[in-house]
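Before anything else, here is the set of structures, which you'll find just below.
After this come two complexes, each holding chain A, first together with chain B and then together with chain C.
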Partner chain A sequence: MLDAFVGGLILVFQWKSFLYLLLGAGIGFWVGILPGLGGATTLALMMPFIYKMTPQEALPFLLGMHSVVQTTGDITSILFGIPGEATTVATIVDGYPMAKKGEAGRAIGAALMSSLIGAVFGAMFLAISIPIVRPLVLAFGSPEMLMVILLGLTCISSLSGQDRRGLLLGLLSGGIGLLCSLVGQDRQAGILRFTFDSLYLWNGLPVIPVLVGLFAVPEIVDLAVRGTAIAGDVPSGKLGKGVMQGVRDTFTHFWLTVRCSLVGSLIGILPGLGGGVAQWMSYAHATQSAKTVEEQEGFGQGDIRGVLGPGAANNSKEGAGLIPTVAFGIPASSGMAILLGAFFLLGLVPGPEMLTKHLTLTFSMVWTIVVANIIIVLVSFLFINHIAALTTIRGKLLIPFILLLTFIGAYTSTNHIGDLITVLSFGCVGYFMVRFNWPRPPFILGFILGELAETYLYVSTSRYGWDWLYRPKVIVIFLLAVAVAVYPFIQRKRLQKGESSDEI
Partner chain B sequence: MKKSTIFLLVVFCLATVLFSVDRSQAAPYYEGKKIKIVVGFAPGGGYDRMARLLAKHLPKYIPGKPTFIIENMPGASSMITANYIYNIAKPDGLTIGTFNRGLPFAQLTAKKGAKFDMRKYAWIGSSAVEATVLVIRTDLPYKTFDEMLKDKSVKMLGSTGPGDSNGHLLSMLQAFLGMDLKNISYPSSADVMLAVERKELDGRGSSYSSALPFIDRGVVRPVLRGRIAEEGIENLPVDEDLVTDPKAKTLLMMRSAPDRFGRPYVAPPGTPENVMNILREAFAKVEKDPELQKDAEKNKMKITYVPAEECLKVINFILNQPEDMVNEFKKFVQF
Partner chain C sequence: MKFNGGAAMGLFVAGISLAVVITAAGWPFKTALFPVAIGVPVFLMALTEFLINLTGKGEGVGDAAGFDFKLSDGDGDSRTALFRTLRIFGWIFGFFVLILLVGFPIAIPIFFLSFFKIYGKESWKLSIGLSAVAWASFYGLFVWLLNVPFREGWVFSLLFIF
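So, the complex of A and B:
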């Protein structure tokens, strides 16, 4: 075990492997920054290049690319309020307001550092769980999956405003998200729901165009209307200053970062849930760390913890996501599905052998994730001032580029004109949501989890009848979900009480 | 002007004309061109991996060595791609498509949105045969299909939803053999396999190729197959042989028919015959290419060229069924 651990590291630093790792990470850097264009799509594009490579060359190349996209995706999310990746949307909620306040440097510093901690944590999680990986993954049956999805949905309460009106709007927003997830052919009976005779809608609304529309378009409109730069009235020359502050923030809230990494890893090993959920659950967890009412209300206005949480989680899920792929040949996400294809190409058979005979290679994957992220974070730190300076460019000059990138990114989703229509439609929805103070994160949670919830409810009941309700693990996760749903109210009560007693 | 000058000029002109004619005759149709393969599914799946594999090796066998590019146009069980190739793509041999082999059923059951006639595509053929099998967990007390039938417990079997032809096999087995089974659909093939691993399911209907890694690992074993066989499963019991009712036999036969063209490739209707011949020949030749074979083996794929005529024969068999048969079929296959 230990020699495989060290052997894996040595494998990564063989000059050829390392060169490919650099190449992969370099590509991943740009893929992450470009909005819409995702890691999975790029993996598919890279596939033809690996035919002649050995596993020691191809895996650093592919993994190096795939494991850094969320790191640099955070940068786009923070700077422009546009998701660089589908998994970095949650970073926008607090990251973009920070950029507007002229704290882009600090936010990026924190995002990069937390990404690095997340990546290392995820890789360690993968390394440590290798001996117990099989029982760990097998412990989650469909009923347990359903409960985890429910747990995800209860985060809506933390993601909404804390007064009664805010909660109502949050629930409504989540409900509309759920409704939108119903679009398409239902999985059980094949009935077409809300497809309006359009084949495009058969598979449901595609996630990336919806996300991009909802988050990017309102910000672009806002930028155009303000007529200033993103960091409008902030004197120039102050921007890059906060970088070290951001790094320090990460260590001030070190345990929060670690806890959010753990959330990411736990979600990551469950096939099907993926980063779309992990980021929001960890964001919700971050909001729970508020110590005063003002702090609680400050989330969404640019609280550094709102950047740290998702920053860590979307990277830590990467290592954990490898677990089912490597150990069972069952991919946890679309990116992992393509990676699985690469495994076959390289003559590797995923399964128990990867944890015994090819353990060194498996550990080299762990190290690849760590090393690639360290490199990219260091490189990003070098350029951070220049990157942050983008927020001082006048909006009029920036908007055409952002629009172009946004539309190209969305169009790569299915290469169909419908992608663009979806962006524009959800752009309108997003605009009005912002205008009337409806929280957007609950919508996303409802939208991503709706279909999964429906499927696993169906699978659980048709497989187990109602017996699944009595499974001990189901009950435990259910109680946890109730706790997560109720916590914000208890927290608020407690905070208010604490404040009033302070006044006395 | 001197006579010799005029003579030279004439010769020069003639030569230019002759050379240019000669050049245009010699230049192959595909020289300097790009062929786009439109794939009806997202990157990473079996259809996509096959297309990318072929794209790598096909240029060797097409005069002029065109470049191949892949475009994924997923959606509606690949009906978007089928419609695109049928109605929009130019019939110039520069756009070809690959889509769900079950699409003839969409046409047969007159699915709304299916804007194509399977018989009218310019068929290139298929690059693989995809047999359907029933696989069960190796740790179950019953080892063969016969024993499985005799076992009285309810079988929990998985599939991936209404468009999944492997799932149709399950519902037919339930109806024709009176098997006590539950057909439970999961989001994707991977989810079904995980459910099998954690013993939530006893087995699943699957294409043989996608079950193969799990068969090799000893997680599942195949116990029954459809009419179409592949190397290694010829001796399994065949679903049709187990039923006596001729109607049931035909329905099972219809279900498994498209397995014959597991990875279909078509060009838009009306693509010129000489271009089609180039493409068909290339597909036929590439099957035997040793480098392709090696890559395919690595991919755990098997390349078998099924000629266009054969694909069309299967399609005609499906589409020419009498109406009562079609109505019966619709009970099992909604597409």
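So, the complex of A and C:
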């Protein structure tokens, strides 16, 4: 095992493999920055180039690209409030307010460093899990997966604000997200639901245009109303100075970063849940780290922990996502499904063979994720001052570029004019939600989890009737979900009690 | 009784969720189960939100609602904010209509140039320069390098027919 582990590292640093890794990471860097053009799409675009490559060349190329997309996706989320990736939305919630306060450098520094820690954690998680992963993944049937989704949805209470009214608005927002996830062809009976005779809606509302519209359009409107640069009147020289502060923040909150990496890895290992869920769950966990009511209310206004948690989680889930892909041929996400296609093209068959005959190659994937992320984070640090300075450009000059990124990012989702209509529609929805204090994060969680929840509910009831409710693992996860839902209220009470006793 | 924007939003969502439940009632059980299970609680919650706003009990407590930013107030003047909001929405929809009419490659320079000149009141030199940068970046990356298929505008489709 140790031989294969070291052999994997040596394999990555063979000059040809390393060159392809650099090339892949370079492409991933730009893909992450451009909104909409996701890691999965780019993997698909790059597939024709690997036909003549060996596995030792193709895997560093593809994986190097795919594993850094989340890292640089955070940069766009922080600077412009536009999700660079569907899996970098949660970074906006605190990252963008930090950019508005002139702390773009600090936010990016923290996002990059936490991403690096997350990536290393995920890769180590993969390395350690390889021998023991089989029983873990196979232990989760559709009822347990449904309960994990319920666990994700209970994060709504953590993302909804601090009182009963906040919870009402959060649940409503999550409910609308779930309703939006109903659009499209029903998977069980093939009945078209709310498609309004449009072929475009048969597959449901595409995620990227919905996310981009919901988050980018209100930010553009706000930028126009303020009439200033994103960073207000903060001098450009101050922006980059916080970079090292952001790095220090990562280590100040090191255990939070590690815990959020663990959340990302555990979600990443479960097929189908994806990075969006991992990010929101880790954000919810980060909010629970508040020690005072004031601190708790600071989330959403630019708390560094709101950047660290999602930053770590969306990278750690990449390494973990390889586990079911490599060990069982079950892709954990759409990106992993495409990577699985690449495996077959290269003559590799996922399964026990990858953990025995090709173990060195499997470990080289672990190292590829680590090395690619280290390189990209170092390169990003070199340019961080210039990147952060974008937030000082006058709003009137920046708005058309942000709008173009928004439209192009959405359009490249399915290359259909419907993508633009979706952006505008959800842009209006997002604007009204912000205007009337309806939180948007629960909407995203509901929208992402709706389709999965329905599928697992149907499969569970079809296969086990209602008996699945009594499965021990289901009960354990359900109790955990109840604890997660109730915790914010207990925490709030505890914090208020603590503060009032301090005053006495 | 006060019918404000928040009440309207609650009423709108209640209407949508009610429509979902009514529509789902005509579907087979396995198709309707999830929409009804979601639609009914959303309807009840939206109705509660509507009533809270209508009775005026909701004022001031919305600030507790979560991790999201607050919209700016346009130099402290709500009329200015409203005017600027409508104006920027006009530009956003204008860009969309332009794309529909002439397609992305032509819409981009037209939109950028007019935005910088009319909205931004920038100089011709800067407006033309930035428009060129935007078009070149778009064309170089998405058309030339990535071969993303962009639809041609309605105007050209009609010209082609005739």
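Here is the rule we use: the second predicted complex is superposed on the first by the 504 of 504 C-alpha atoms of A that agree within 3 Å, B and C clash if a C-alpha of one lies under 4 Å from a C-alpha of the other, contacts with A are read in each partner's own complex, and residues count from 1 in each chain.
Rule of thumb we're sticking to: contacts are C-beta pairs under 8 Å (C-beta built on N, C-alpha and C of every residue); 3 or more make two chains touch, one makes a residue touch a chain.
The structure presented is a predicted model; accordingly, all values stated were derived computationally and were not measured.
Touching more residues of chain A than its counterpart among chain B and chain C is C. In the superposition on chain A, contact of A:L169 is made with chain C only, not with chain B. Once chain A of one complex is fitted onto chain A of the other, the partner contacts of A:G347 are limited to chain B, with no touch recorded for chain C.
In the superposed pair of complexes, A:R440 makes contact with chain C only, with no contact to chain B.
Residue contacts after overlaying the shared chain place A:L424 against chain C, while chain B stays out of touching range. In the superposed model, A:Q188 lies in contact with both chain B and chain C. In the superposed model, A:N415 lies in contact with both chain B and chain C.
According to the touch criterion, the shared surface of chain A, contacted by chain B in one complex and chain C in the other, consists of residues 188-189, 415, 458. Here chain A touches chain C in the complex through residues 34, 37, 45, 93-94, 96-97, 100, 159-163, 165-166, 168-172, 175-176, 178-179, 182, 186, 188-189, 191, 193-194, 217-218, 220-222, 224-227, 287, 299-301, 306, 396-397, 399-401, 403-404, 407-408, 411-412, 415, 417, 420, 424, 427, 432-442, 450, 453-454, 457-458, going by the rule given at the top. Chain contact summary for the complex, chain C toward chain A: residues 5-6, 9, 13, 16-17, 20, 23-24, 27-28, 30-31, 33-35, 38-39, 41-42, 45-46, 48-49, 52, 58, 61-75, 81, 84-85, 87-89, 91-93, 95-96, 99-100, 104, 108, 111-112, 115-116, 119-120, 122, 130, 134, 138, 141-142, 146, 148-151. Of all residues in chain A, those touching chain B in their complex are 40-41, 43-44, 47-48, 51, 137-138, 140-142, 185, 187-190, 192, 197, 199-200, 202-203, 271-272, 324, 328-331, 334, 337-338, 340-341, 344-347, 349-352, 414-416, 452, 455, 458-459, 462-463.
Contact residues on chain B toward chain A in their complex (touch as defined above): 42-45, 48-49, 52, 55-56, 71-77, 79-80, 83, 112-113, 156, 161-163, 182, 184-188, 190-191, 193-195, 197-198, 200-201, 213-214, 216-217, 295, 298-300, 334-335.
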